[in-house]
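Sharing a structure here in structure tokens format.
By written order: A, B, C and D. Residues from 1 in each chain.
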Amino acid sequence: MALDKIGIAKRIAQEIKDGSYINLGIGIPTLVANFIPKNIEVVLQSENGLLGIGPFPHEEEVDADLINAGKQTVTMQPGSSLFNSAESFAMIRGGHVDLTILGAMEVSENGDIANWKIPGKMVKGMGGAMDLVASADHIIVAMQHKSRSGQSKLLKNCTLPITGIKCVKKIVTDLAVLDILPEGGFKLLERAPGVSVDEIKNATEGKLIIEGEIPEMKLEVAKV
Amino acid sequence: MINKVVESADKAVFDIPDNATLMLGGFGLCGIPENSIKALLKKGIHGLTCISNNAGVDDFGIGLMLQTRQVKKMISSYVGENAEFERQLLSGELEVDLIPQGTLSERIRAGGAGIPAFFTPAGYGTEIAEGKEVREFDGKNYLLESWLRADFSLVKAWKGDTAGNLIYKGTARNFNPMMAAAGKITIAEVEELVPAGELDPNQIHTPGIYVQRIFKGQDYEKRIEQRTTRL
Amino acid sequence: MINKVVESADKAVFDIPDNATLMLGGFGLCGIPENSIKALLKKGIHGLTCISNNAGVDDFGIGLMLQTRQVKKMISSYVGENAEFERQLLSGELEVDLIPQGTLSERIRAGGAGIPAFFTPAGYGTEIAEGKEVREFDGKNYLLESWLRADFSLVKAWKGDTAGNLIYKGTARNFNPMMAAAGKITIAEVEELVPAGELDPNQIHTPGIYVQRIFKGQDYEKRIEQRTTRL
Amino acid sequence: MALDKIGIAKRIAQEIKDGSYINLGIGIPTLVANFIPKNIEVVLQSENGLLGIGPFPHEEEVDADLINAGKQTVTMQPGSSLFNSAESFAMIRGGHVDLTILGAMEVSENGDIANWKIPGKMVKGMGGAMDLVASADHIIVAMQHKSRSGQSKLLKNCTLPITGIKCVKKIVTDLAVLDILPEGGFKLLERAPGVSVDEIKNATEGKLIIEGEIPEMKLEVAKV
């Protein structure tokens, strides 16, 4: 059975290394924070100028002067720091953030990502996405494997205007976990529980590399 | 120290002309110069180019200046939480220049710092690279981006002193410090205004040299776009 | 938050190898990493390239590492308050690369900020422009300068916390914050070390993300080069 | 009679405008601070990271963590601010400092300045001088008109390695006040008390422009 958003977030949470600094994009990536194992310490960066995002505030803690990049009210963890936007992107561009998790509309087999613009629709802007994908050493994309109309979103080439080239290394979809190989191609690593390799083949337009037995994901992470 | 205090927002913006290029601090509605925006609405100048990360919402922030058709062009990284914005954009009444957020903040920082151009990886290989110089450093490709400066910068701080020193609060800092430095005339509004000497020199976020006028703002609404709480 | 505390200067510098490129904070003898320098003396590594605004005096700061011939090359803006430095330079034992102070600080800032190159007016038309790309912007000429990064950065702060956040004091801040960001491994020594959560997030000068190791320094001498007083 | 260093500093102090931000170099420029009229408010910038230099400290106020660019212990005025070296030179390079006063070994008639290096002597470095001269809108040079050996230091072309080109606008020497004209040439504005135009002519190798009567400097500034 294909994963829901929570399932994708849970599986991504398993990729997180102790002691890392992480930037979480809007949507599924934001959910990942809820499934980071208790024994792992990470610091979440918000590109509007905060290191150390804490949980959402209780009603009486709400502070209009403390929001995340999604403009939601947040709190700070002990040991947080605040800074300006130029410093925040200096941090991102300078490679200080260890992991970036973000959503995508399309990913190509050579690691290009499209997630900012749909021709014919109102263009809202790229925000910090182009900086993040061009700068991050390690990017994990959280996405649906297919569009609502059933088209593959893991493509030979992106059809939408791209956000960055050759930057995605790992993808977690509702159907599978895949690496993008340096030489190109989606290497299938894991299947969602109950999803067959054939189902993933049919849902992947780009070059899919299948070697040996493909295990099912394990998702028994304690919910926080 | 030089006293930079003006009485009111109206007096602070008195000489901003039609067709000026403005920078306005803030991320979303957080840390925006509410009082200066209201004074611009009242003043009724037109043809403005506004450099600001976002464009407000229909009834708050820069959105108010869109309603009154005072803005000719927006230079932003993310816009359109805002129906009137979308209407003006689609009808061609409003020009929009979209810039990656890190490039935008660094171009403004460069403007204040006297750096006319710098290389950044953001946008390489995408449509925003069109017409831009590309250069490779250590095997990676970068775009040449130029500085941004403004005739007037409108910034909002938490505390300020009569010498123009500013301290911001929380994530309301965002673009304000770089904009303060990149404006030919920088107008700061603050929630609390104290005599020079009361703020700790070690805690100043924006040194007074960047601020030409400062006033105590009033009636801050500080609207929240996404009030998100837990039980 | 991630605990970055190490016990001592010796443990902090344990893996700095011969021929490493180091950045050392400080302006003159103000804000220099006294403890880390002593640990390097004890460790006895050689062939170091040191990026630091100055080179200490004969018996303090980087000058001590010159006495022990541990330094192969200095990259600085102003040197030679220091007889041994002069002797080594004139005898060819020491290489020196002199860089305008603003260019030096911006090149280090660029290193930490992922900006591989930028344009600056400093040095245009002088001998330091030789071999550098010149470009005109708005009728003024600028030189293209590249980023500087280091294998290890040694910085000194006033207060720090276990998450690596730093607050500097007075003009001892100087080059320390940019160097903290430009080092692959940044080692911070502080006068006061507190648990994460005790420092005000709004007053942090160096966010902990830039600091890999932190320790409480001991026996600070804080030597003064020009003690100047009035009656 | 030629001015001494105090005299040069006093004359330069007359050039200072109320409300300006000023960077004072080492040597005579530092002395200028002592002669700024009481009714004029200025803020002194120190390129090692301080706006608002105060007087030298009393013995019991000495703080090793608070020095000026000459490495002297200083104090702070009320309303000061502290910042890092990159910010300090951003301020300088960005044109935020209104006036820079510095010493020189040579100045040429087109405004080139040499003040950092003497071939054959130990080179100590340019410190912030190249940034200051390349960035400042308004530079006043404080210098002796002639070298100790009697050679003019106001030249057609600098003989020493230069610090910056076409940047000096005004010079105050022990003998005279001169502007450097945009089209080149030292325009004589004032003579030191008792110094003749001929004396200045003899001491100036570069093109000297003398129009009309040249008044004597007035130096009756109250000493602070």
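One rule holds for everything that comes next: contacts are C-beta pairs under 8 Å (C-beta built on N, C-alpha and C of every residue); 3 or more make two chains touch, one makes a residue touch a chain.
Here the structure is a predicted model, which means the values were calculated and not measured.
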On the document's contact criterion, could you list the chains that touch chain C and likewise touch chain D? B
More C-beta contacts across A-B or across B-D? A-B
What is the distance in Å between the mean C-alpha positions of chain B and chain C? 33
Just the number, please: Cα centre separation of chain A and chain D in whole Å. 56
Compute the distance, rounded to whole Å, between the mean C-alpha positions of chain A and chain B. 29
Averaged-CA centre spacing for the pair chain D and chain B, given as whole angstrom: 36
Would you pick out the residues of chain C that each touch at least 2 other chains? 106, 109, 113-115, 120-121, 169-170, 202
What residues in chain D touch two or more of the other chains? 50, 82-83, 89-90, 92-93, 135
In the complex with chain B, residue positions of chain D that touch it: 19, 21, 41, 43, 45, 50-52, 76-83, 87, 89-97, 135
Complex contact set, residues of chain B against chain A: 27-31, 53, 76-80, 86, 89-90, 98, 100-103, 105-106, 108-109, 120-128, 158, 169-178, 205, 222-231
Touching chain C in the complex: which residues of chain B? 106, 110, 113-121, 135, 137-138, 140, 142, 146, 167-170, 202-203
Which bits of chain D are touching chain C when the two form their complex? 46-50, 55-59, 61-68, 70-74, 82-86, 88-90, 92-93, 112, 122-131, 134-135, 161-166
Can you list the chain C residues touching chain A in their complex? 1-2, 109, 111-115, 161-163, 165, 181, 195-197, 201-202, 204, 207-210
